[in-house]
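Note that the chains take the letters A, B, C, D, E and F in the order they are written out, and that residue 1 is the start of every chain.
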């Protein structure tokens, strides 16, 4: 299995609901450094997993929808806790939708799986992975 | 599959037995930077893989049993080489036992697997992973 | 010149005022990974720059005053843009005050300078340094 | 499953053919920081996944065949694009051949899988993994 | 003293002349991960060292002149060894010229010094720093 | 001012004397990842700060005297606490002596200063720097 990973980041405010979150129930924020790993069993005719420039642009565009915002105000997340693991799934789903719409290009047709990892600090991160 | 990772470290002395270890048969030591990755197929009602504060505390407590000691003096490791990969398993088993005892909280009931990785330098690390 | 560095982090929400900040004028947030470097010309009798356990505790305590909050609501920062470089100075001043109050212990009397660096992402950070 | 990882690097020149590569069709170069992860289900009698000194030496030797060269001039890659993911497979195959020739030592007989990851920058990397 | 650092990278081919360079006299290449640290004694009225978006854009533009090229073909470097430390100076001089031309904006007038560091691998880097 | 940095590591056992060290008075150990930064005002005729291959070899040789040992048994450190900052000075002095003996080569004659930094974990490090 081959894989290619690209990295970018976004910065948001949010708060959590539920006693389990303790002081994180207060409005606070985070920088998420995002790794997107794309996998496929065989390389294409150009020797690629994916066009890395396109992957970088798609990631930047998806994160641009979230960057420099208060997630508590985003109707897409109403009633949900925007934990790091939840946001990893959000980024996964949005990149998968872009791929389905052809934005990753012809090189992306052979992709079989993706993993999205959000680093919230030097000591904690969360990820979501699934077949494509 | 979702995952959450927490990081901490411990510092120990030890020596190895067996010609394969060369000069590492002498008493020496290591800093182990430890990554614990906890996995589950679906998030719980709070949108969590695990209560990250509890996971951090359990990791700190498990590493506290080993930290700032000479592993050659620990009866738990008598007759064993405390290699990095062996110690990854030790940390895995001890966290698994804490989870079984309820120390990771109600959020941890849905965990399906764990990976423990011990970084011994900027150029070498070892890990153990298994279902829970 | 000797130095010792300890690292911790905090997570906050904030917004900026001024056209120069563009979309960062919206409420958003950041994780700041903080490095505190303490310097002195000669080691003390124990061979230390500073008691690293005390330095770690003081840093944790100072960051605890800021962690998991909206800086826009903190009267201490009224009318100021809480940029990364500004916050580096805030952390510097608060650690310096703790040292003046004796919280860094007797080992800290010989310190001559400090540098506080806040990493806001994998591609950007800011620092403040000055004599003590 | 246990794993051990060793890291080294190599520096090469190359160019790509195909419109998908844009300006990377020009002769340029890269530093590849290489991680080799070796996996096995159980430790051997010494408590090892693999003799880490041998693994480090084999990796250094394999990378030495590629280091400080122009890959466009290497007959082994004639007619191929030496993308990061392609080179991950090259390093994988060459280490696997060294293992088959006994260079990883008796400790390597129980290895079941390998992953080779080439980091080309702080924001991009590629990998190849397969059973052994 | 305050400072702000931004990071980007570029990938080049080159070769060296002189016996001291050994096998690096062959055509090879490198990824350089570049850190640019800008310093000033006091913050401006907005609480900034520099407009970080402008600094990022200027760095990207300067590196774009070098990226994905063979430095041996660049007339600007004729007769010179493009070592990492030499290239750190090149990037320094080009950013300094952009600042002199006003590209860093009004926020950059108070800058007093700059440091440019080029990371060529996980074990080696070089830098140039000077007053502005 | 120009600088070049090389990195390597060593692994030791030791213990400390003095109440200030708390549980670190027990025999334990550490991995030290070592950065050596060499500085000079101008590049030499080859465009170098120092022959990086020689610098790497000298560092490896100096660390080889310390690696995989119990520092408590080394007569060179009798009656001293081998703290991270103390060991940074030891490595500094030994590299300086190698340079004085000509081991860094003719390129090293123009060096004006050195900084040695020992990373003991992902959250703590210590350094010593001085003119040469």
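Criterion: contacts are C-beta pairs under 8 Å (C-beta built on N, C-alpha and C of every residue); 3 or more make two chains touch, one makes a residue touch a chain.
What you see is a predicted model; the values in this text were computed from it and never measured.
Listed by label, the chains touching chain B and chain E alike are D, F. Each step here moves to a touching chain, and the least such steps from chain E to chain F number 1. The chain with its C-alpha centre at the largest distance from the centre of chain C is D.
Looking at A-B and A-C, the interface holding more C-beta pairs in contact is that of A-C.
Mostly identical positions are employed by chain D and chain E in their mutual contact, as over half of the interface residue numbers are shared between these two copies. By residue number, over half of the contacts seen at E-F repeat in one listed pair from A-C, D-E or C-E, namely C-E.
A separation of 30 Å divides the Cα centre of chain A from that of chain E. Here the spacing of chain A and chain D, counted between their Cα centres, is 27 Å. Looking at chain E, residues 7, 122-123 sit in touch with two or more other chains. Within the complex, the chain D residues that touch chain B are 1-8, 43, 46-49, 51-53, 56, 105, 107. Residue ranges on chain F touching chain C, taken from their complex, read 16, 18, 20-22, 80-86, 88-89, 122-130.
Listing the residues of chain E that touch chain D in their complex gives 7, 9, 11-14, 23-24, 26-33, 67-70, 120-123.
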